[in-house]
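Note that chain A is present in both complexes that follow, paired respectively with chain B and with chain C.
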Partner chain A sequence: MNRALPILRRLGTLLAVIVLSTFFLSCLLRLLPTDLVDMILTMGTPEEKAALRRTLYLDRDVFTSYFMWFKDFIRGDMGLLYGTGGGETVWSHVTRSLPISLLIMLYTQIIALVIAVPLGIFTAYRAGKKSDRVISNTLFTASSVPNFAIAFLLIILVGVKLKWFPTLEYVGFKDDPFQHFKHLVLPCVSLGVGLAASYTRLLRTDVIAALKDDYVTMAASKGLSDSRILLTHVFRPASVTLLTAAALNMGALIGGTLVIENIFAIPGFGFEIAYALATKEFVALQSFIAITALGYVIFNVTADLLIGVVDPRTRGSR
Partner chain B sequence: MSNNPMLSLRNFSVSFDTARGPLYAVRNIDIDVADGESLGIVGESGSGKTVLSRGAMGLLPKRAAHRSGTVIYDDHDLSQTPRKELREYWGTGMAMIFQDPMTALNPVRKIGAQLTEGLRIRLQMSKTDANARGIELLNRVRIPDPAAVMEKYPFQLSGGMRQRVMIAIALACKPRLLFADEPTTALDVTVQAQVMQLLSELRHEMGMSMVIVTHDLGVVAGHTDRIAVMYAGEVVEIAPTKQLFANMKMPYTEALMKSIPRLDSPSGQRLPVISGRLPDPTQPETGCSFASRCPYVTDKCREATPPLVEATPGHSYRCWFPIGGSR
Partner chain C sequence: MKSVWKKLRKFSIPTLLSIAWLAIIGLIAIVYPLLSSTDPKFVYENDLGVGPFTNGHLFGTDTNGYDIFRELLHGTRLTLLVAVVAVGVGGAIGSLIGILSGYVRGKIDAVVNVIFSAVLSIPNLVLALALVAVLATAPDAYSTVSNWRKVFVVVLALTIVIIPILGRIARGATLSWSNREFVTAAKSMGAKNSTILWKHIVPNVLPAVMAIAFLAVGVVIVAEGSLSLLGVGIPDGNSWGAILAAGRNDMEYTPHVVYFPIIFIALTVISCNQIGDVIRQSLDRREARI
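Take a look at the complex of A and B:
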């Protein structure tokens, strides 16, 4: 009971966040300067327009229409992409594009963490020495370059000049695993470099602080090696901030994929959002953004649960 | 086993670099700890007693702390030994109990993991053996239900329990010399007595030497063979425990003694305090370091530094005008 309660409370807040954010979104649709129905059916007859108005629940009041939309949304009925003549459902686009973006985000996180964890621990261990200063300053420089700039740099150098990696399009893992990874190297590295830099700095700060703690001296007095102390005694308590940042950055990565997917012509979720924005697919956009909000909340909760695993003191109090 | 002392410090000093120049936390210490002996090191906060014990063991960060003089442990001179080789002595030869059991145990690792770590890595025990030995150790420091405690995290235990766990960790690899740095300061008075009693028993059982560092003369009174009183980084008086209590020579020792609360003193009476504060350790002193706070100070005390002289065999002090005369 006392274990389940915080989780239930957590789920309650989660639901509230999703409902509130999507509700404001649906209000925005009504605040559009032109009528949504007129926009979609520019040439439509009054009867057709009235029918569409009913489908989009725009004939009801704000609250009813929101709850009707929300009910459909949960069932996966997200309406149609009207620009294509109403032939394609939003849901089909979501199921096609979302896994691609989630994979890109996952790979990016893996790349960033694989770079950041050893570097963060190493620079903290050598804090103030030359090797730390060189690495820290390099990373600081890297983190101040926007990811699309890194992407263009990589495209020109590694893609066009050296021809090591393809610079366009996406290949599914099932179609060709090797080509799949090869195509995703440049996009994920472009996204991951900045992240790796900020993760390294977070971890370095926390490891330096943890190294000053009594329990580290205590561990040393047992006669353990420095590497063992760093890995088993320091890294875990020092990784809480990193973990939170990594989970929160999943949200920020959604924005990152939007830019990167467009540069590398990858038909992911970010690409879909950009496309929907450009072609004024507001019905689809509403669902896309609702999914983004949902993802953000889910990553946050995951972070909290993970922190509970890493730091047992926080269990039940969060 | 040789007749040489277990630990022998000669002309031992530790200094730190500060913005105002070198800070001498410990100066020219000569101390021996005999095999099986229990030595108390007593002094107020900032007198250098923690730096002395950590410095002797070699636990101070190398970059910040400069050691000089010699440290001879079990006939090995460890003063120049690199940290990598010093580790061979830590845990199995010398071990340390830290002051604050709230911060000295890793908050995110289970008691069992922290307790058996030394056994597994230093003594190459198997996981099962180390676990069995861990439970045995917890039993020995009188922790009820040791098997369950192995699975707990430090924050789930009381302060006294944590201090017992720390003692068990320090003793896990059967060290021959145990440093106990303020082992009872963070504990309730009733628990303090229990923990000291436990430490004494374990010392006799295991035939260890022990150095107890404390600011409280009352804590070490019944548990040490000898006591060294430290002031401003120096040993100002050292004597067998009984001798020190019966026949102290140094006014600082007397002042420390008077500041122990007594049950038979009238209620409401103010406890005597030692007024003033420790001299600035970055400024070289002339004269006796205690001169500015000493009730019996004379001009001579301010001008000339008193050397450590022997009153009776084994009892030395640093004072021009010792209590009870002589000199």
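Take a look at the complex of A and C:
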């Protein structure tokens, strides 16, 4: 019971957060300065309008309509995209575009880690020396540069001038694996640079702290090799920081992916959101944003649980 | 004046450059609209899309014939106005809520915490997008949304985004400071809550909020640029993001139209982060002394 209580309390908070944020979106829809039904059915008869009002639960009060919407949302029934003549379901757009965005985020994290881990360890071992100062300062600057700025620079220099990589559109992995990666290099690098910079900074601080710790001195005096110490004694605590950093940066990454997808014309989730926005598909937009919030919350919880797995000390206290 | 120099000498060169850059653009934002009599949208018909340093166009022109340097100086005002108002107002509201709820604790604090978490669970750009989409919709198909309303909506959306970010920082700082001995001492001496808040909590919490506020200015500038790129930001090239968004279509032919707004945005964000970092470090050092 003692162990279960904090977990239950956390789950309760989690549920409250999800319900509140989706409810907040529901209320936002009601704040529209115009009537949603009139907007969708500009030419509709009163009967048609009344029917649509019923399907969207707009004839009920805010709370009932929210819970009806939430029930449908959980079951994957997210309504239609009305601009296309009402032919396409929101869910079909989600299943088509979400995997692309998740893939981009995965590649971005991999790129960020591939850059950050060696650099973080290198700068930590050379802490205070010139090479560390140069790398650290460069990274601090790089982490402040917005990712759309990096994207435009890469497009002009690598895409247009050197013609090394394509700058537009997307190719599925199944269609052509080589082209798939080639098309995603520039978007993922422009997202990954800033992320890599913040990971490196945190990793550097962590490794420096760990190297000063008693158990590392102990391990060294036992005669363990440097690489062994690094892997088992230094890297394990440092990976906790990396997970926390990944969780903290997730929101920025989601927002970044949204912009980057639109710059590179990749038909991912961010592209769908921007399209729904431009064509005023508010019904779809509500579900899209709710999914984003849900994904963000789930990711943070997963990261928290993983931290518990890696670092047993935090299991009780969290 | 001498004491100001003495204070400035303590800072490192990157910090000084950051302060200088922010001072310059701050000055441009205030002074340029007063000095310049020419329209930023003046069309140089003979210089369409020329590169930097040609025919007196410091940063070149775009394919419409607008002078990029002049557009950027003109756009500085709205860019900074959006950032400063959003962070100022959002920070003030957020700090107020955060400090009060952190000081009162109990159920109210728990509720405030859940509300902050709920708003923060929507990534800030996505939240801003949703707010702008809803608030900048015309009441019917026959009317359009005025430019001033669009600007107002962008500011409002970004303010709402900032409230929980800075509010949570203020709350966290208040929670830790209100446990300190001097607060307990003041309480046991019978000091009023308002006195404790004003004399002991606020002076200690504000620096922590200030450090994050500088980072938040950077976040807002990037968010404003992103909104422009997504087509819902400040209209008609009146901010750096809007100039960038307008220039990206001709990126292949006139890349300088993209470079210069990027440089302005990046330098400003880097400067804000640098100053925020310096404030945070000096706070840490002070904390270590206590």
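What we mean here is this: the second predicted complex is superposed on the first by the 303 of 318 C-alpha atoms of A that agree within 3 Å, B and C clash if a C-alpha of one lies under 4 Å from a C-alpha of the other, contacts with A are read in each partner's own complex, and residues count from 1 in each chain.
Rule of thumb we're sticking to: contacts are C-beta pairs under 8 Å (C-beta built on N, C-alpha and C of every residue); 3 or more make two chains touch, one makes a residue touch a chain.
Computed from a prediction, not measured in an experiment: that's the story for all the values here.
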Partners on chain A (chain B, chain C) - clash or fit: fit
Partner chain in contact with A:D304 - chain B first, chain C second, else both or neither: neither
Chain A residues touched by each partner, larger count belonging to chain B or chain C: C
Contacts of A:E88 with chain B and chain C, given as first, second, both or neither: neither
First (chain B), second (chain C), both or neither touched by A:S21: second
Which superposed partner A:D72 touches (first chain B, second chain C, both, neither): neither
Partner chain(s) touched by A:D214 [first = chain B, second = chain C, both, neither]: first
Chain A as apex of chain B and chain C, Cα-centre angle in degrees (nearest 10): 90
Chain B versus chain C as contact partner of A:T42, first or second or both or neither: second
Nearest Cα pair across chain B and chain C, whole Å: 17
Complex contacts: residues of chain A adjacent to chain C: 13, 16-18, 20-21, 24-25, 28-29, 31-34, 38-39, 42, 137, 140-141, 143-146, 148-149, 152-153, 155-156, 160, 250-252, 254-256, 258-259, 262-263, 273-274, 277-278, 280, 282, 285, 289, 292-293, 296-297
Interfacial residue positions of chain C with respect to chain A in the complex: 14, 114-115, 117-126, 129-131, 133-135, 137-141, 218, 222-223, 225-226, 229-232, 244, 248, 251-252, 255, 258-259, 262, 265-266, 269-270, 272-274, 277
Contact footprint of chain A on chain B as seen in their complex: 54, 57, 59, 87-92, 95-96, 98-100, 103-109, 117-118, 121-122, 153, 155, 166, 169-170, 172-173
Chain B-facing residues of chain A, complex: 213-215, 217-225, 228, 232-233, 236-237, 310-313
